[in-house]
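There are structures below to look over.
Two complexes come next, and they have one chain in common, subunit A, joined by subunit B in the first and subunit C in the second.
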Partner chain A sequence: MMTVPYADVPIEEKTRLFEEVKADARYDSYLYGCYECGICVAACPSARFYDFSPRKIAQALAREDVELVYEQMNDDVWNCSQCFSCLRCPRGNSPGGLITIMREVAVKNGLRTTREALAGYTRIIYKIMTTGTQVSPDMLQEDAFPDWGPGVKTVSDNLALWRRALPPETMHTTAQSWQVEERTIRELYAIWKWTGTLDMIAQVDEGLHDIMEEVMDDALEESGIDLGP
Partner chain B sequence: MAVAERLLVIGGGPAGLEAARGAADLNRPVLLVEARDTLGGTPWESYATLTPHLKPTKEIMAGMLTAVEDHPLVDVRLSTRVVAREGEAGRFLVTLEAADGSRQVEEVGAVVVATGFQHFDPGRETQMYGYYEYDDVITLVDAERMMQAGKVVRPSNGEPPARVAFIQCVGSRDRHIGNKYCSKVCCGIASKQSIEIKHLLPDAKVFIFYIDMRMYGFWEDQLYWRAQEEHKVNYIRGIVTEVIKKGDQLLLKGEDTTMGRPMEVLMDLVILSVGMEPSAGTLEMARVFEIPREEHGFLATVGEPLDTVTTPVAGVFVAGAAAGPKDLEDSVSMGGAAAMKAVGLLSRMSRTPA
Partner chain C sequence: MASDTLNKALNVINVERRGTGVETRRTFTPDPEQAQDEDLREAVLELEREGEWIVQRVPEPYYEAGTKYGRKKKIPYEKTWHHKSCGQCGHIPGYSTSIFWLNRVLGYDYFDPRDQTSCTAWNYYASATSNQAAQAAVAMRNFAAAYETGYFPVIHCGTSFGHYKEVRHELVHDHDLRRKVRAMIERLGRPFVMPEEIVHYSEWMYAVRDELKARVVHDLSPIVATVHPACHYYKLQSGDAIYDPEIYGGQRTAAVTAVVQAMGAEVADYSTWYDCCGFGFRHILVQRDFTRSFATLRKIEVMKQEANPDVVLTHDTGCVTSLDKSQFAAQAHNRSVGVPVMSESQFAALAMGAHPFRVTQLHWHSTDYRPLLAKMGIDAERAWAEFQDDLQEIEAGRLDYLTWDRVL
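Entry: the complex of A and B
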């Protein structure tokens, strides 16, 4: 018999995670059946650069191959860029959507490989979830982006000035990509708390979770929004 | 020469029944000869339900049988074989032999051969699936017989199987065996049976190991998609090379080709999707009527693809799986076409004095 990766993880645990993926409300509309035509792989940008196949994701789930699904949840799902080019599947499957579900289950369950895969994204997660915008202009540092060439230094040395030169007033910012309405931010905080998205973070980075929870709780309290129990 | 009015149909399966009914409805007297003691042919004898609609065979075919049995112009001879013929198109003299050995000569104007196929015998030396060694290795036909009794169990112990595997293309598409052709219906039948197994045993895992799935036309969504999507049947591209006994289970060795890895899997029941070969009766009719066999061994036709029923022997037509692998739709359509051609020939000959 072939060697099974992650042999140290009991089959019951792998089955539990698989069942959690299958129980997702979106699952049935993301997976019909796979006849292995490969159109998703042909369309997939990630498949050109990584040892990654959206077809195998759909196949493994359709076959209910619990071992392989667990392996993919650890080794493959973070190679997807979630561009959804794979939606052209003639059977109507969404391999990218299946990966979304698998990622969420991996995050909620704090898989070691998920914590490792997301370790480099702490700052980005913090930015998105506290400001509602992703990469901010002040992240553009000469040492962080040498591949952007010598112009980076000129821009970063006078960042606030360059930003003020942009026509939209909402972009005269340096610590976030654009100015987000206070009300919008609070709504985002409420959504992330209500839907459990914030709690998901606790499984992969408890420190980050605690910092963000404090920011959100303070803001919500200040604005008088009561999320209830 | 006086043209004999009557048409001889040999074989009472779907093709022969349709040929007999069609010719009789065109006002031709028909002599229908069937070697078995009942009409209906291979589907009636061996198949619990028919592809692709999974309806009970007896229920949906019964009308075909009675239409012929009750037809005033059809003379049905059961348990009877054609053993010799003389003459030519317009006036054949055929010798019929009944089960008790008694013989009778009959005069007919034209002949439709509808003697069908037999299932491939998976006991040949290159077939390492252990059909005659292991109780739990069966064929599609054995599975149908179980389904006729309303159950699917492991023959070794009478228990329902938890894991069932179909192996496709057994006896088909294989140079070593000598059958280079695809038998056309086995993908559909295996898919049909996999759905039926899931109906009977919802918790069973069912696998179909295949080279190509050939689910043409409506079978694609009626059977293939339905089995895969509604019943979670596992289609795995890669044919099994060998079945060996392991404990009280069967170990299948093969390659999972689309996953790119070798596979060894344990099963409780293995169903071989055996293909079609010319039946003994078909080979016998090739001899009696001197009908050439085409390169795969079935009865030759001369007008493919536009004429599917005319053989190189004047006055002799073929319908159904005697001419090659056919599904039911093809067989019945050919039965009608053969009746039309045969009746047409006799009418033409009657109008034209010899």
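Entry: the complex of A and C
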């Protein structure tokens, strides 16, 4: 007999998450039904590499199969490369866009598999949310990128000097991709707060959330930006 | 092969070879009625008339480029505000440095802002630790910052470009979202501004390709390039990307290819051109087995087998990173890889005499680029020695940093 994955999760909870996915303003323009043609699968890089199928994502949602959608939110969505090659869909669907929404709901609800999928990634969240640039030159360390060859060590050994050997004035940085003004960063913090993005982080990594909140609150206090009620 | 025969015939009768043939008899006639994504420009202007936002106009004079379904897109020549890409600066700073250098060489006024954040879409597509309103607010904050300088945004990154096109689409169609984002931008004391066009730097390259061609100093005729069109450039909001009937019969985007061909190099075709580079957003950072396998097995090896290029050219920082860095591990397994990867901005700069280390900053790249430089007639050893002299001057404190006057 086949066992239903995540049988311990009540159907009401699975339905609630499915309804949250469906309630996203973008949902209706990302799913128009499905021909089951598989064109999206043929174009999909992740389908070549993993047991993963954008067709199944579109179908599960179209059929409102809440059990399968829940399973996909746990076991499939993080395989997607978000390349949007599946926009070749003749039905006008965006399986990749549906996955973006499913991921967002998975994060907001702190699914265990989401925390696992993002475990190695949280330092990047810290970087992007606190500096306004996603990666920085000083993240190029050989222990983090051993598969990129000895060039990584050469870069990190020479980093500060090589950064100064760049003609654009904004790029003499090592801890940020480019110089970002204080005011700009504070405005970004305000956006994260207003939109509940910072709260989402608490679902993924509470410790990280607390550190970031402290950094942001201190900066915002001095900024004069009216954070409102 | 039929295309070889045709090329030979064209050479004999001395016809200038233009355009890249594709092995299909189908022709594509742009038809605005067929567009999957509507032309949003009228809606953007209508919203301005209704007082919803300010529309920042493309500064004149501008170039009018064709897009997939036939509408013309305005591309500014100058007064451009350069929205940098987070990937480029950490890993491939020559990408943006070359864009700036080209602007300077052509005498175009541009602005390199500090009041700019990343679009944060890399993080969004990697971790979903954000949401629609936050992403739109980040975009509109950057657009406001550009507007306040009087310079028009030009986006360096393929993903930022695609993501901003998505954001524009959502803001036009979703009244609630627009109100919410506008309230945030106003609380920041900024104007609520939508640019008349969302422009990628490779579209600017396309617009100025004849000017670039006129300044080529190295013979590019022996150079064979393969082009990786960046997914987020042309797959997201597909109607808003540059297409040209002379390039791939108008069936694929003309970005990158048209420029490289105009400058005199050969662009060779390969069958997996539609495949992504394997970047994966999350994968490149924490699950690189996927990135490495896809970038080498589905892209570089296929290019090698079918076209044997001297260089791979693309127009997105993530694509340059995955296609370049992934080759090291594959080389260790004796796979058929080993092709340098760079942006067409770097390649164009090299062709126009830019210094390979001071300007195109090739020492940040992983795969060996020296055979390419040799084939272009550039003395890599001498250039490296010159660059070492610069570094010594900086280290000795005689120079704060490398200045533009040294590289122009």
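Methods note: the second predicted complex is superposed on the first by the 227 of 229 C-alpha atoms of A that agree within 3 Å, B and C clash if a C-alpha of one lies under 4 Å from a C-alpha of the other, contacts with A are read in each partner's own complex, and residues count from 1 in each chain.
The rule is simple: contacts are C-beta pairs under 8 Å (C-beta built on N, C-alpha and C of every residue); 3 or more make two chains touch, one makes a residue touch a chain.
For clarity, every value in this text was computed on a predicted model and none was experimentally measured.
Colleague: Is A:Lys153 touching the first partner subunit B, the second partner subunit C, both, or neither of them?
Modeller: Neither partner.
Colleague: Given the superposition on chain A, which partner contacts more residues in subunit A: subunit B or subunit C?
Modeller: Between subunit B and subunit C, the winner on subunit A residue contacts is C.
Colleague: In the superposed arrangement, which partner chain does A:Gln59 touch: subunit B (first), subunit C (second), both, or neither?
Modeller: First partner only, subunit B.
Colleague: Just to be sure I read the superposition right, which of the two partners does A:Ile124 touch: subunit B = first, subunit C = second, or both, or neither?
Modeller: So A:Ile124 only meets subunit C here.
Colleague: May I ask you to decide whether A:Val180 touches subunit B, subunit C, both, or neither, giving the answer as first, second, both or neither?
Modeller: It touches subunit C, and subunit B stays clear.
Colleague: With the two structures laid over each other on chain A, which partner does A:Gly132 touch: subunit B (first), subunit C (second), both, or neither?
Modeller: Second partner only, subunit C.
Colleague: Looking at the overlay, does A:Val107 come into contact with subunit B only (first), subunit C only (second), both, or neither?
Modeller: second
Colleague: Quick check on the complex: what are the subunit A residues that touch subunit C?
Modeller: Those residues of subunit A that touch subunit C are 24-26, 29, 43, 45-46, 48-50, 78, 81-85, 87-88, 92, 100, 103-104, 106-107, 117-118, 120-121, 124-125, 128-129, 132-137, 139-140, 145, 147-149, 151, 154-155, 161-173, 177-181, 183-185, 187-188, 190-192, 194-197, 200-201, 204, 225-226, 228.
Colleague: Taking the touch rule as given, give the residues of subunit B at its contact with subunit A in the complex, in rising order.
Modeller: That would be residues 205, 213, 224-225, 228-229, 232, 234-237, 258-259, 261-264 of subunit B.
Colleague: What residues of subunit C sit close enough to touch subunit A in their complex?
Modeller: Subunit C residues touching subunit A: 36, 84-91, 93, 96-97, 100-101, 112-118, 120, 122-134, 137-138, 141, 145, 162, 170, 173-174, 176-177, 184, 187-188, 190, 231-232, 235-236, 238, 274-276, 278-283, 285-286, 288, 290, 292-294, 298, 325, 328-329, 358-359, 361, 363-366, 387, 390-391, 394-395, 400-404, 406-407.
Colleague: Using the touch definition up top, name the residues of subunit A that touch subunit B in the complex.
Modeller: Within the complex, subunit A touches subunit B at residues 1-2, 32-36, 55-56, 59, 62-64, 68, 91.
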